[in-house]
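Order of writing sets the labels: A, B, C and D. Residues in every chain begin at 1.
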Amino acid sequence: SNWRVWTESDVRKTFNKRKPNAHKGTYGTGLLVAGTDEMPGSALLAALAAMRSGIGKLTVATTPFASAIIAAKVPECTFIHNGLEQIADGKIPRKIKAAAVGPGLTDQVKINKALKQLFEEKIPLILDAGALTKREYPMKTEPIIVTPHPGEFAKMTGKMTADIQKNRLDEASAYAMGNEVIVVLKGRNTVIAFPDGSLHINVTGNAGLAKGGTGDTLTGILLAFISSANDIKSAIANAVYLHGASADYWSETRAETSLLASDVSENLAFVLKAFE
Amino acid sequence: SNWRVWTESDVRKTFNKRKPNAHKGTYGTGLLVAGTDEMPGSALLAALAAMRSGIGKLTVATTPFASAIIAAKVPECTFIHNGLEQIADGKIPRKIKAAAVGPGLTDQVKINKALKQLFEEKIPLILDAGALTKREYPMKTEPIIVTPHPGEFAKMTGKMTADIQKNRLDEASAYAMGNEVIVVLKGRNTVIAFPDGSLHINVTGNAGLAKGGTGDTLTGILLAFISSANDIKSAIANAVYLHGASADYWSETRAETSLLASDVSENLAFVLKAFE
Amino acid sequence: SNWRVWTESDVRKTFNKRKPNAHKGTYGTGLLVAGTDEMPGSALLAALAAMRSGIGKLTVATTPFASAIIAAKVPECTFIHNGLEQIADGKIPRKIKAAAVGPGLTDQVKINKALKQLFEEKIPLILDAGALTKREYPMKTEPIIVTPHPGEFAKMTGKMTADIQKNRLDEASAYAMGNEVIVVLKGRNTVIAFPDGSLHINVTGNAGLAKGGTGDTLTGILLAFISSANDIKSAIANAVYLHGASADYWSETRAETSLLASDVSENLAFVLKAFE
Amino acid sequence: SNWRVWTESDVRKTFNKRKPNAHKGTYGTGLLVAGTDEMPGSALLAALAAMRSGIGKLTVATTPFASAIIAAKVPECTFIHNGLEQIADGKIPRKIKAAAVGPGLTDQVKINKALKQLFEEKIPLILDAGALTKREYPMKTEPIIVTPHPGEFAKMTGKMTADIQKNRLDEASAYAMGNEVIVVLKGRNTVIAFPDGSLHINVTGNAGLAKGGTGDTLTGILLAFISSANDIKSAIANAVYLHGASADYWSETRAETSLLASDVSENLAFVLKAFE
C-alpha cells in the first residue's frame, strides 16, 4: 500500500517553528476532556504534554478531584469542573481550536453525549482511550483522529488483536478510508492512516513506552500540535515522531525500564530544541 | 515620543542587590489577590515568581481549593482563605508593602470591592488580568501599575486591538498620562509608560512566552520588586527585562515551544546571579 | 547453610531487559494495597518505586485522601478508592499479575480479610509492614514473599530482635522452609531465604537507607519485578540488590544523611541503565 | 563574654557520621507540631528539612489540610491529624526522641496546652515561631531550645528589637542563663547561648535567607540533629552552621535573591557530603 516512513528530515521540514511576533492566541486554545477520580493522572499527563508541546492555552474538563491534582503539576492550564458533564450538556468554551476526549474516562453514556456536542463544533477532534469504541462518525470537514492501541482497535473493529497486528498497515488504512477518520494505530512502529489512503510509519520510540500513561502523553502532544496546525498530516506525524524521539533521548543516558510518561513530556524541551 | 530601550546595563546599575544585614522585613511583605477554583494555577505561578524574585514574605488571598494547590509548590507563602471576599470586606493584613490583584479572578463585583479597599491603603498596587477593565483610578500618592496584554488594553480603552498594536508607544503613554497610572503594555517588546510621559521599551523575551500563565509570572516578579523598591521605575523595568531574560536563558539550551510559565521563575535563579 | 552472595554479575545475567516489541501488557499489572490517611506517603513511595522499576500498569487500592497525594506525584497509576475495604470485600481487579499488601496499613481485621481474598488468586503476593504478623499461610502454588525488618520478624516469630540478628541466615531460612514462604529479612546485608533452603545475601546499600520509607520503596520494586518475572528467585534478589545499589549511587556524590526513600526510586533510572 | 566562632573544623570533628550498621531506630523518631490551614507550608518546610538532615522517622502533628500538602512533598513522614489538639489532649506518640513545636501555629491556648504535655516527656524540646512568647520554663533534665529571630526575642524578653540587636551576645546569654534554656538568636551571625554561659557564633549564611520559611527549615534540621545527638551543644551549632552553609552553597552558582527555604534542605545533600 501507499506508505512511507516519516523521518527526521520530514520533521525538520514541517515542524512549526515559534513565530517571534506570536502571542498565546497564535497557538490556539485546546480543550481536554479527560480524567476521573479513579484515573486522575491520565488527564494530568495529557495536560502536561500539551503544555510542553507549545499549546497557547489549555482548558481541562475534568472532576474537581482531578483538577486539584493537575493544577499542582500543570498550573498553566485552567479547568471546567465536572467537565465531562458540562461538555455533555453543551457548555463548550468559546474559541477552542481543537479538542481531545478520552484519557481516564469510562462512563460511555456521558462520553457519547459529550462527543455528540463536540461533533457539532468546527474543530478537529482527537478520540482516545475511553472514547474509542465501535462507533459511527459524523460527516465533518474538520478531521477526527482516533488513537487506539491494538487492543482498543480490536474493540473498534470487532476483530482479534492478533489479526490486527499481522496487518497493521492494511487494517488501519481500511478503517481510515471506510470511516473517513485519521487512525493512529499505536505500538512499536505506530501506523498513521489517512482517509485518502496514504500512510505514515513511525520508527522512533522504545519499549520504555510500554507502560501506563504514555498514550495519554501522546494525546496531549497531538492536541497541542493540531491546535495550531497548518497541515494536519504533518502535525500528527510529528507528534508521533517526537513522542518516540523523546523516549529515545531519555534512554541515551537512563534506563528504558524507568521511563515514565511524564518524562516523555519533560524531555521534549531538549528534543524539540533541534527543530526550532 | 520620549522613549528608550531598557538595557542590561540599566539593570546592572539599578538592580537591588541583597544586603548582607537584611532580614525578611527588609524585603517587605507582598499581598497577592488571585486564583479561583477554575484558575488556581494563576495564583500559584504569581506566588512562585514573587518568591523566586526575593520577596521577604508573601500572603496569598485565594480560595481554599487554590491554597492547597499553591502550598504544595510554594510552601514559603501563607494564605488568607476566601481571600478575595476577605479583602473585599476590608480585612487587609497589616504591614503590606505592595499588592497585586487579578490573576485568575473573574467576579467583577468582588474584584471592584476589593480594589476599593486596597485603594485606601498607602501602598503600590498592581492590577492584572481580571482586575483590568475600563476603570477610573483614585488620586493616590503610591503608584498604580496596570499590566494588560493588547487584548486587555483594548477592553480598558475601548479601542481595537489592531489599532493599539499599531501605536503601542503612543497608546500606552496617552493612557498613563491621562489616568496617572503606570502602564505595562505586554507582548513582544513590552512598553512601559509612566504618567510623566517617559517610556521604556523591553527587548528581552521570546515567543516561548506566548503561552498561558506567563503573564501571571510577570505579575509575581513585579510584586516582589515593587515591595522593596527604592525607585519604582527601575523596579518595573527590571521585572519586565528579567522576565524576558529568563525565557531567553531557557531557550539557549531548550525549545521555546516547551517553555512553561513556572520555568521562567525557576530560571531566574541563574539569570539574577549575574546581577548580584 | 546453603547461602551465597548475590553479585553484580548475577544481576547482569538475570535482569529482564526490555523487549523491543513489548506493550504494557508484557510487563503486567500490579496491585498495591497500601496507605492510610495517617500514612499516605508509604503508598506513594511504593507506587513510585514500582513505576520506576518498569511495571506495565499499577493499580493502587487506598483511601481517597491518599489517592490525591499519590496521583500528583505518580500520575501513571490508577486507583481503587477505599481500596482496602474493596479488596476485603472481594472486589479484586482482573488481570493482576502480582499484589503487594501492607505499607502504611494498620487495621488488622481489614488486612486479614483482604489477604484472605488475595490468597485465593493465582498470583504471587508480597506482604510487608502492616501485613506482617504471626500468621498461617495457605497452601498455594504461587509464591508468598514476606519482607520484615528484624523488629517485624521478631513479631512474626515470637523471638527477640537481638536473637534474630545473631542468626539472620538460620532464622530466615527456618521460617522460609517451615512456612513455605520466601523471606526477605531486611537490614544491612539483607537475607533472602527460599522454601527450598537456599539463601542469598545482599551486599549493596548503606546507612542512608536507615530512614522511614525505604522499605516501602523496596516493596514497590519487588512488585514490579515479580509482576513480569520468569524466575522469582532472581527477580527478588535483583530487587534487593538494585534498591541498595541505587542508594550507593546516590552517595557517590551526595550525603547518605540526606538520602530519601523517593531518591532511591529516582536514581534507579541511572543504576538500571548499566543492566539494559 | 565566653564566646567563640563555630568553624568548619568544629563541624568536621563533631558531625555524626552515618553508622554502617544503623537502622532507622538508630536515628530516632522526631515529633513536629506545626502548620495550620493558613500556614501549611511552614510544617512542610520543617518536615523536609528534618528528613534531609537524616532523622530516622518523623511524625507530623498538624491539620488534615496541611497533611495532604506535606505528604505530597515529603512522603517519608507520617501524620497525626488534628495534631495540635491531639498533643494538647496528651496523646503523645511513644518512642519520640525529640519534639519541635511552633512553625505556622497561632492558637496560644492550644500551644500552651500542648507544651504542658510535652514538658512532661523526657525529651529535648525545640520551641519556635508560634511557641515563642514570654514564658516560664519547667525544671527539666532534657534541654529546651528556643529559636527566636530578634523580633520574637523582643516579645519573649519585653525589650526593644533594636536594643537586642545592639547586645546580641549578652542578651542571648542572659536569657539562657536566667531561664536555663538554650537560645538560638537568629539573624546574620546567629548566636547560640547555653545555660552554662558559653556562646557560639555562626558565620555561615547570607541574605538569601532573609525570606519567609527559612526559619522553619532550621527548626527541621535542629529536630533531626537533636533526635540522635550525643552532644546537644555541637548538634545545635552544626545545625545552624549547615543551614547557613547550604545557603552559601546555593549562592555559589545561583542568586541569593532566588533562594527558597526548601532549596536550603535540598542542597544539604551536597553540603553534608563533605562531612561524611
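Criterion: contacts are C-beta pairs under 8 Å (C-beta built on N, C-alpha and C of every residue); 3 or more make two chains touch, one makes a residue touch a chain.
Note that the coordinates shown come from a computational prediction; the quantities given were computed from them, not determined experimentally.
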{"item": "Chain separated most widely from subunit A, comparing mean CA positions", "value": "D"}
{"item": "Angle (degrees, nearest 5) of the CA superposition of subunit B onto subunit D", "value": "90"}
{"item": "Same vs different contact residues, subunit C with subunit D, by half of numbers used", "value": "different"}
{"item": "Centroid spacing, where centroids are CA-atom means, of subunit C and subunit D in whole angstrom", "value": "34"}
{"item": "Distance from subunit C to subunit B - Cα centre to Cα centre, in angstrom", "value": "48"}
{"item": "Subunit B, residues touching no fewer than two other chains", "value": "68, 72"}
{"item": "Interchain contacts (touch definition) - all pairs", "value": "A-B, A-C, B-D, C-D"}
{"item": "Complex contact set, residues of subunit A against subunit B", "value": "18-27, 51-58, 64, 67-68, 71-72, 74-81, 268-273, 275-276"}
{"item": "Touching residues (chain side subunit D, partner subunit B) in the complex", "value": "37-42, 44-45, 65-66, 68-69, 72-73, 149-151, 187-188, 206-208, 210-214, 251, 253-262"}
